[in-house]
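Both complexes below contain chain A, partnered by chain B and then by chain C.
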Partner chain A sequence: MASDLFGVPANQISNASSPETIEAWDSVQHLNLVLALEQKFNLQLSPEEIEQMKSIGDVTQLIEGKLQVTPS
Partner chain B sequence: MAIVIQPYRPEHEPAVAEFNRRLRQSSADNDLVFSGTAVPHWLPPNAGTPIWNEFFVAIEGSSAVRGTYGLKQEQMFIRGKGLHRVACYHHALSEGIIDRSYASVGALLVRDALARQPLLYVLGMGGYEHPLAKMLNALGFSLTLVPFYFRIVHPHKFLLEMKAVRDSRWRAILMSIAAATGTGWLAVKAAQGALRLRARPGHFITEEVNGFSAWADDLWSEAKNAVSMAAVRDANTLRILYPADDGYLTRVRVSRNGTAIGWAVVGERRKDPKFGGMRVGSVVDCWASPENAVPVVRAASCALEKQGLDLIVSNQSHHLWCRAFENSGFLKGPSTFIFAASKQLTELLQPFEDHKTSFHVTRADGDGLPRNF
Partner chain C sequence: MNDPNSRTSERVTAVQKVFESQGIPPEEKLKPLNQRISTLRGEIDGLINQKSAHKAAVALGELWRTEAGPAAAAFVTSRFERLRDRLPLVPYHVAILRSFTVEPVVPLLRGAAFCLGVDLSVSVGDFNAYSQEILDAESLAYSSAVNAVVLAVQTTDIAPDLWNQFAGMSAGEVEDAIRRVSGSLQHWMRALRKRSQAPFIVHNLEQPLRPNLGVLDSQRETSLAEAIQRINQEVRRCAREIRGMYILDYDALVARRGRLRWHDDRNWLMARLPIAADQFVHLASEWLRFLVPLAGRSAKALVVDLDNTLWGGIVGEEGITGIKLGAEYPGAAYQALQRALLDLTRKGILLAVCSKNNLDDAMEVLEKHPDMLLRPKHFAAMRISWNDKVQGLREIASELNIGIDSLAFLDDNPFEREQVRASLPEVTVIDLPKDPFQYAAAIRDHPVFERLSLSAEDQQRTAFYSQQRERDQAEQNFQSKEDFFRFLEQEAEIAPVSPATLARVAQLTQKTNQFNVTTRRYGEQQIAELAAKPGSQVLSIRVRDRFGDHGLVGVAITCDRDETCEIDGFLLSCRVIGRTVETALLAHLTESAARRGCKQLIGWFLPTKKNAPAREFYRQHGFELAKQNGDGSLWSLDLTQRKIASPEWIKVSMTNGGED
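Here is the complex of A and B:
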């Protein structure tokens, strides 16, 4: 998902990737990332959670955590 | 540290000043400045007022401001659906503009605004490529351009000063030649004059007035059903938007046979580098039944010409007002002025695509007043 959104090859994205290391990760793409995550995983992200998404690692951890507590 | 969005209070003012300083230091855009005071100078939230501004700040930790926005709360008339309280989202500023680690703030601000007022609109933005326009598009807002019109009063000055058109060396040379030889003057006057011949405004009287009273209420009631949507323009609201003691704007009442048939508010725009040294006037706002739009546009234009302005501009969304401007010698130019309606507001405006050309949106809407028109 991040690869498609930011136009960066998947092998160049790591847990440490962030707005500071991915040129295309600006405020617009941050919102697109939020909306894409909400749609793909059928969940709602709170303002606190959106603000926590400072790197791909943060995003992964956040979504994994939410999926664990959300009954499928 | 967590970022929390809350109403802007006086104790936040030093942090907002610091936020403004950081934005100014890192950006050449002088418009990237938020209100230095928690209480809005323009449209403060007084008891009983139908239209007011409220400000919000995104606070990180105990006091650092990382974002700001304003909501202009107002009444909107939607034909067939009556009056609705809506808000204009404006002055959304994010630390993300200068520090990419705050890229999340833009999304936080707009979602916070939607949570506070789902019937939200945004006006202006500077084109579809603007980051805010892209964000609104992603959030499912309906976006439409508000047409732009201009009338050249002094062609010689326009040809020499219009930086936005003199954008290549050859074009600048050709425009200078056209100015020097008078051919440019002739071409502009002929084109605009021909347009004015397409409509006859009939007899009308123009007078500058200090304020709006019952006659403006009558005009609001008479004409509102000719539009599919308009911010309320009754006398009470107009007195707040255009107070009698504001000498910067000119209020023009247009009458026929002793009865008011329309009004316009005009004023000189702030200096803008793209207009060079020209003095640019704006038909900021206007109202009339569509059949009386031409005399109102002519009266507004004349009031600005009397003030010695070189170029007159306006943004108008209603197709009959657009035609009135064209039939008054105005030329249509490229617009970057966007009206964007949230999903819930779009629902009220359906069918949006059919109705959008009969919205009544002008430079006075959004955050265009008191001087940003």
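Here is the complex of A and C:
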């Protein structure tokens, strides 16, 4: 998903990838990422959670955490 | 009726079909939908690498229909960008001026546009800077690359007093606010038109989710709802007075989707994005209902199947009394579709039948079934036989004299749809939902059937084509063309463009592809300016014959410079090609140019993929080749030496004084 949104090949994206390492990851794409995640996993992210998403690793951890708390 | 499971299974079949057409082994089909979508993505990349651009485009369309969302949008867009040079995409550029965040909608807009054959570039104005941008001649709205401008402003931003403090406003303050807001909108519309000829799409103002006074609002002398309605009415009235202004009924869009579901407070407070994520795609679709026809991707004719499309059941098996069609369930769904099709004919879109059927069975229903709303006279062409539909569509396009890319195809049978997609990728294939009750909506929602303005010709088009059929039959009884022409008793009326004909003249320059020497497209505003320019003329020609009125079917635009008259545009609707009307119009040009003292008449022929019918036009009329370059050829006629005679069988008249 991140590869689609940021236009970067999937093999160049790792847990350490962040707005600093991915040029296309700006505030608009950040919002797009939030909306895409919400649609894909059918969940709602709170403003605090959105601010926590500072790297791909953070995002993965956050989503995995949320999916475990509320299994659907 | 529309439970999520049936929708999911529909999606599964949609995806399955793509796999079947690409020979994917059956075990793949059993994987869950998500996995299959990711396989589909791999397949698309495979097709792109194999250079199967059309197949890849079809698969991308399927993927988009299966999961229209932000991630799919980015995928679809990036893949179409790689296919750009190998697909017949129409480039178009829209500037969106806005008072709220629209950026996340843009990728969906571009993805959806690609799937409709439009390579859409989108420039978004600065946040809430729409007013300065309209008034600043240097802003992105006036960039020469921009084809159309959207103004997306919401009530809360342009009328914060009405929106937030209505409860505390006096009647006088409300009146002032109505005047101020509708005045600003009208001012911006006029300001934009002064600086640009681009079509301008203006959102109207939405009603609030909850009026500040609750039910009391409806009891007040001027309610908030009424104040907003009045602003919208004023803006609508103003738009009708200015050319190329179109109102996007944002309030109706929000209402249609459901006001409660449209809004998202979190998006609004965090990102100044008032709209819920699952509604983005609907805003994008609404924009496309304007942008797709403006980009010229509109269907001129819809070819329909009969069994299980216009009626339920198979007439060859169940007979005229067995098929489902009528005002009650289950026939009502088919009547609703027929009503939608009838509405298309009122917008100038032709209908045609292409059905695998016994001709007698089908005609019996078309002519005699009491509940049919569509009759043979509503169809401009019919192919009812057991022949291949791809061939049928080709024949219909040539009979109606329109390009294959102007056809849309409606058929309940997925197999036929896939066949047409594979063999004629330029045809717009309508995806019918499983449930016949949704057929009518599928037609009404499709942007290729949208029209932004209507000319008198549009409304009569179906009648024109049935007269044409009579003409063609008559022609076969004559030995020579000349005898046939004399029999036709054609009358041509040449007139300078007038306010009444402006829309039709502009429309002809935009839509005529075949008999068109320069294929220069003009908007109404540009035509009006050309007509007002000293030394230039914009003429239209109407043609009538013993079978009926063809209406306004041709345009000639000329421009005098010193003693040379240059033909800037010369075009004729396909309805009258080959009836020597072009000679009559050209004869008039030579005669009037000579009368104005011009010594020569020149004109470019600029070849396109479609204008071969006009290629020999100048040569056949005695013009000499003066120049040739990469763009085309320049032809010239010495007016002091040569004259062009108007054909004796056409009675030509000039109206509205002209230059006389």
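Throughout what follows, the second predicted complex is superposed on the first by the 72 of 72 C-alpha atoms of A that agree within 3 Å, B and C clash if a C-alpha of one lies under 4 Å from a C-alpha of the other, contacts with A are read in each partner's own complex, and residues count from 1 in each chain.
Here, a contact is a pair of C-beta atoms (placed from the backbone, for glycine too) under 8 Å apart; a residue touches a chain by one contact, two chains touch by 3 or more.
All figures in this text were calculated on a predicted structure; none of them were measured in a lab.
J.: Which term applies to chain B and chain C once both are placed on chain A by superposition, clash or fit?
T.: Verdict on chain A: clash between chain B and chain C.
J.: Output check: A:47 vs chain B and chain C. Expected answer is one of first, second, both, neither. What do you get?
T.: Touch partners of A:47: chain B and chain C.
J.: Go through the superposed model and pick first if A:9 touches only chain B, second if only chain C, both, or neither.
T.: The answer is neither, since A:9 touches no partner chain.
J.: Name the chain, either chain B or chain C, that contacts more residues of chain A.
T.: With both complexes superposed on chain A, more residues of chain A are touched by B.
J.: Which partner does A:20 contact after superposing on A: first (chain B), second (chain C), both, neither?
T.: first
J.: Of the two partner chains, chain B (first) and chain C (second), which one does A:1 touch, if any: first, second, both, or neither?
T.: second
J.: For A:32 in the superposed arrangement: first (chain B), second (chain C), both or neither?
T.: both
J.: Pick out the stretch of chain C that clashes with chain B after the overlay, from 6-14, 60-68, 78-86 or 150-158.
T.: The stretch that clashes with chain B is 150-158.
J.: Could you tell me which stretches of chain A are touched by chain B in one complex and by chain C in the other?
T.: The answer is residues 28, 31-32, 35, 47, 50 of chain A.
J.: Touching residues of chain A toward chain C in the complex: what are they?
T.: Residue positions touching the partner: 1, 4-5, 7, 28, 31-32, 35-36, 38-40, 44, 47, 50.
J.: Can you check the complex and tell me which residues of chain B touch chain A?
T.: My answer: residues 2-3, 5, 94, 96-97, 100-101, 103-108, 110-112, 131, 134-135, 138-139.
J.: Mind listing the chain C positions that touch chain A in their complex?
T.: 69-72, 74-75, 78, 101, 103-104, 107, 266, 270-271, 273, 277-278, 280
J.: Quick one: which bits of chain A touch chain B in the complex? Just the residue numbers, please.
T.: These residues of chain A touch chain B: 18-20, 25-32, 34-35, 47-48, 50-51, 53-54.
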